[in-house]
Amino acid sequence: MALNDETTYAGAIRRALREELARDAHVCLIGEEVGFGAGGERPAYGLLGEFGPDRVMEVPASGSALIGAATGLALMGLRPVVELPFAAMSGESFSQIVAAAQLHWRTAGTMHAPLVIRAPYGTHADPWRATSPDAWFAGVPGLRIVIPSTPFDALGLLKAAIRDNNPVLFLEGHYFYRRLREVLTEADVLVPLGSAEIRRDGEDVTLLTWGAAVYTAMEAAERVAVAGISTEVIDLRTVLPYDAVTVAESIRRTGRVLIVQDAPRTGGIGAEIAASIAEAHGAELRVPLMRVAAPDVPFPAALELAAAFAPDVMRVSDALHTIMEKRD
Amino acid sequence: MSTPPNPLLALYQQMSLTRALEDAIRDLVRSRQILGTLHVGRGHEAVTTGTTAALARGDIVAPGGRDLGVLLARGIAPRQILAQWLRRAAAPSGGRTGAMHFGDMRDALVIPATALPTLAVAVGTALATKARGENRVTVAYLEDTATNTGDFHEAMNLAATQDLPVICVVATNTYVGKLATRPYRPKHLADRAAAYGIPGYVVDGGDVLAVREAMTHAVALARAGRGPVLLEAKIFRVAGQTEADSVPRETLDEWRARDPIERFTRHLLALDALSDALTYEFAAATLATVQDALAYAQHAPAPDPLSLMDHRFAPDDALVMGPPVEAPVGMTGERVLPWR
Amino acid sequence: MALNDETTYAGAIRRALREELARDAHVCLIGEEVGFGAGGERPAYGLLGEFGPDRVMEVPASGSALIGAATGLALMGLRPVVELPFAAMSGESFSQIVAAAQLHWRTAGTMHAPLVIRAPYGTHADPWRATSPDAWFAGVPGLRIVIPSTPFDALGLLKAAIRDNNPVLFLEGHYFYRRLREVLTEADVLVPLGSAEIRRDGEDVTLLTWGAAVYTAMEAAERVAVAGISTEVIDLRTVLPYDAVTVAESIRRTGRVLIVQDAPRTGGIGAEIAASIAEAHGAELRVPLMRVAAPDVPFPAALELAAAFAPDVMRVSDALHTIMEKRD
Amino acid sequence: MSTPPNPLLALYQQMSLTRALEDAIRDLVRSRQILGTLHVGRGHEAVTTGTTAALARGDIVAPGGRDLGVLLARGIAPRQILAQWLRRAAAPSGGRTGAMHFGDMRDALVIPATALPTLAVAVGTALATKARGENRVTVAYLEDTATNTGDFHEAMNLAATQDLPVICVVATNTYVGKLATRPYRPKHLADRAAAYGIPGYVVDGGDVLAVREAMTHAVALARAGRGPVLLEAKIFRVAGQTEADSVPRETLDEWRARDPIERFTRHLLALDALSDALTYEFAAATLATVQDALAYAQHAPAPDPLSLMDHRFAPDDALVMGPPVEAPVGMTGERVLPWR
């Protein structure tokens, strides 16, 4: 799959798809470029040849009908994995996604829509294509949102998402596809939806993050460690509904919270996390929680601007210092 | 001269029951027992009855908000329908949705309606049947203006490129909401078939036998793997769009002459298939069915407010959905209405 | 316009439209039912007759093209007011709304999209139609969201929205149309976007709310006043970006915050408000802030279920009691 | 025998410049000076040149990602275009967007492209011109698969019902991404016109004169108030979709024979309108233009990171947008390229 027995992020997604297609005859793939259209670097590459067109369905570009059709597949007992060419296209199918998310509740539990919407986000092509739609869907009841930050998590979370009976928006960092590599066990890997992972233990601050920002956060944590600040970095992985138990346990120890998100600040996933922490743990916080986020603008094309968009190691470590300097 | 019971009478009964049940719903709306509006299907009965008469038991339907007759033809019980309209606990949606926003994917094979057109969902069920090698067709029912939405276009294109067995039935009733205007430029909506390289037919939607014939042809094409068909039924809505609209007397007279039930009644009388006695007998049976459903639904308990938060997420052990996987029996044509 | 010199909420919207159409030849109306299709109870009723089809454009039902076309009108120098038949249709035009919101930034300030998207929400017809899309758009940079709760505000905010150079999502409570009445001045009324209104002065708790929940909140405030709790009720009116100055001033006095929203809790407008308050005022809060919101389900059709959806006076007054009982 | 400078030569020059400038962009992508992909327009030159040649100065265009030639024809300077591709501070978008995602609504009347099809926006500008009684037409350029999107359908229907002066130019290049497949079933995409009750034409998009003629006819219809026109130009993309795609040698040979510039060159040579000397002269001028633009854009400063947060909201005193309100001069046909 990858050089040196290491699996790339894209390879891990491919492995998850392959294993689930092989395991369960109900699983199928549908998308615009999941068959002949998938280049070698794309997660779906090769699966059409392995599983045939009745399992891997390459269909014309049309985002809204794609989600509608996947809902129809689900109503017939299948478990479709939809691939959007890029995540911002979820805007074109917004209503169909909301409808799928409402299905189980609307039918008083008699129907459900076990579909996974795989959506790569973030390229340096255009503000539009680079957009991650997590904020758009933060207020859609019935939907789960998953953003894996490692090949292992991509593998285990995608398999879990496929087995889950609810619609899952599965956001893939496009720049991870070939850049992240990891040696993976051959065993059946499942990472439960809604479980966070503590990437780094710490006692002073709880840093909550996900996706690409995990790497920025880890580096910042190392940097401030030199100054004696012990940061616990929690990768939420499933951002909605998130793992409130792991978060609560950490906050109880640290009493300080920093939320780091790569997306614009206002109305993002971090807003809901901050709000629920303020309610549930406000009395335990020694200092006000903080968010470090991108500004409220689209993702810019020029590298010089892009470098100023997502929080960098400097901004995160500054925030960690600030949070420690605040009086209890 | 008397004949053995004519099979056409089943069509007559179904159209009559559709009308009678909708009238009951209308009265519930008028008396404010049902809140919200009724999107009137008066005048659509030949379309719902004629198209479903050409289907087999394993076929799938996606009715819209006006297609009460489709639900009845698929065996959904009038009791269920009225409980749904009255938003009772025992309704298929447990009172969470109203009107005809419910379905049944195990037996009746009715895709649940939302406020969105369900054509794209219907294309998905057809994709599933094709992938599994089943010989089912899926029929989606649309109102005319729904063909102006982006979802219609994307779904039809998807169905066409994959040669899916989807029949899209468009009931063109000359009205858009309160207005007798056409929010599209081609003469026929069936002309939109050209955009997908598929056949498009126009049929007189006030003539139940013509509808059944056209639909039988469309179903044959779809079953033969020839891809989707667009079937436009030209009709005449014989009431306001909603009960809120008032209609002048002259218009009502014009409507009457075009009423599909009255037209079919005249046809059956001319054939001697229907007699006054039979008419009364059927009317009594229809009335009994409607009154039974009314009594049931009106006395059914309201949903428990505590149930609001149930079913937020589907559990891990949710049943596998969808109809049994076997290919459907190829049975078509008239059949005993299962709710009787 | 209305009986007894009182203007209804729908009438106030109509007056705003009429006054702005008359004031500025660039203002135009576009929508599916803004002309012949508009019934007497609808805000646009009669305007086609007054201003003619070049100003009041009735076009076929198609949500996405409608917003795209409005953007085109704006690019030509017009100031379109778009009417959606119901607010949930904004989901079908999601991408076009995002594109309009990005326009000014994307073009480095050389273009802008001064469009108002009027969208009535909330009827007891169906969960879909009743939905208010405020949560969906909370994370869309460049967009303002306005939810007026009185005829006066509907008048003044709509006029201000029409004069604003940015896209504004203007959410109208459908059940307000005929139910709210108010005697309005004949003067030119403008309510600045982004300005909150203190509906009731108080010293103990700052209650932040908007839309229909304002009435619930006011009643609850009166009720707990008997028990000696003095509640300041702030109607945000513009929910994004909201009036942080007025809010800050109130919190500084009360040290207690309750956010009341009629929409589902997770990812709603209240999440962003709570998050930014937790960051900016965490140290001033005597007790953790609280949100009272609808559960994370769609709006239900049955009245018995609907009654359990939005927070009622009891839930809000209970929350006010709880917040006062918490130890400082 | 020598003739006075043939007006057809302006078309030749424009096609050549379009190709040369795109080649320069391609080289910048290859050398990683531009990140991201180039959606190749090689083979589209007769479409962009032929259609814009039929427009008047006050007409509005909405080009897509491959329509470099449209930008040039509207007078957008090569310097601006390369600065935009290189995401410089001086680019029309100040580096916020890349590729051809920019426009100019005061002079060149180019609707800014996004990743979304801009047809609906173009319908809006046409609506504005109609409401103001201006005689402008709006032209939207689409790639073939864009006609599969819901937005295409909704926008075309809206334009048709309002008789708007919109011409939708679809360049069908037989390719979808890497695949030589057709993701639609009708023979011609022009057949989709039937869905809107409007005229649809097919033209050989490799023949710049045929394109100009067809477009002149379409523009005349639109200006006469007859509503929208769908014009499909059949072409052959003579490169991979993006620079990432590799192409076999035989395919390259086939492409060459269909190359619209080589075809037009042969035509001009046969007419004696072009000579070797003239060819060299033009090539030198083109090269100079491209090199000037390259030198300008490569040395232009990058955007200031601090500018990222500018223009989040438009200020109250933002200028009224749009072109001057007067009706456009009815000038059509060849004109001096304004950037020269």
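By written order: A, B, C and D. Residues from 1 in each chain.
The rule is short, and it goes like this: contacts are C-beta pairs under 8 Å (C-beta built on N, C-alpha and C of every residue); 3 or more make two chains touch, one makes a residue touch a chain.
No experiment lies behind these values; they were computed from the predicted model shown.
Enquirer: Given the two chain pairs C-D and A-D, which is bridged by the higher number of C-beta pairs in contact?
Expert: Ranking C-D and A-D by C-beta contacts puts C-D first.
Enquirer: Where the centre means the average of the CA atoms, what chain is farthest from chain A?
Expert: So the farthest one, by centre of C-alpha atoms, is B.
Enquirer: Please tell me the distance, in whole Å, between the geometric centres of chain C and chain D computed from their C-alpha atoms.
Expert: 41
Enquirer: If you average the Cα atoms of chain B and of chain D to get two centres, how far apart are those centres in Å?
Expert: 47
Enquirer: In whole angstrom, what separates the CA-based centres of chain B and chain C?
Expert: 37
Enquirer: For chain C, which residues are shared contacts with two or more other chains?
Expert: Touching at least two other chains: 59-60, 62-65, 88, 92, 95, 99, 102, 105-106, 127-128, 141-142, 296-298.
Enquirer: Indicate the residues of chain B shared as contacts by at least two other chains.
Expert: 93, 96-97, 101, 114, 116, 148-151, 153-154, 157, 161, 183-184, 312
Enquirer: What residues of chain B sit close enough to touch chain D in their complex?
Expert: Touch residues, chain B against chain D: 148-154, 157, 160-161, 183-187, 191-192, 194-198, 227.
Enquirer: Which residues, counting only chain C, touch chain B once they are in their complex?
Expert: Touching chain B from chain C are residues 33, 36-37, 39, 59-65, 88, 92, 123-129, 295-298, 300-305, 307-309.
Enquirer: Which positions of chain C touch chain A when the two form their complex?
Expert: Interface residues on the chain C side: 64, 88-89, 91-92, 94-95, 98-99, 102, 105-106, 127-128, 131, 134-142, 240-241, 263-264, 266-272, 274-283, 285, 287-291, 296-298, 326.
Enquirer: If we count contacts the way the header does, which residues on chain D are in touch with chain A in the complex?
Expert: These residues of chain D touch chain A: 35-37, 87-88, 93, 95-99, 101, 114-116, 145, 148-151, 176-179, 181, 183-184, 244, 302-309, 312.
Enquirer: Considering only the defined contacts, which chain C positions touch chain D in the complex?
Expert: Contact set of chain C toward chain D: 26, 28, 30, 54-55, 57, 59-60, 62-78, 80, 95-96, 99, 102-112, 114, 141-142, 144, 163-166.
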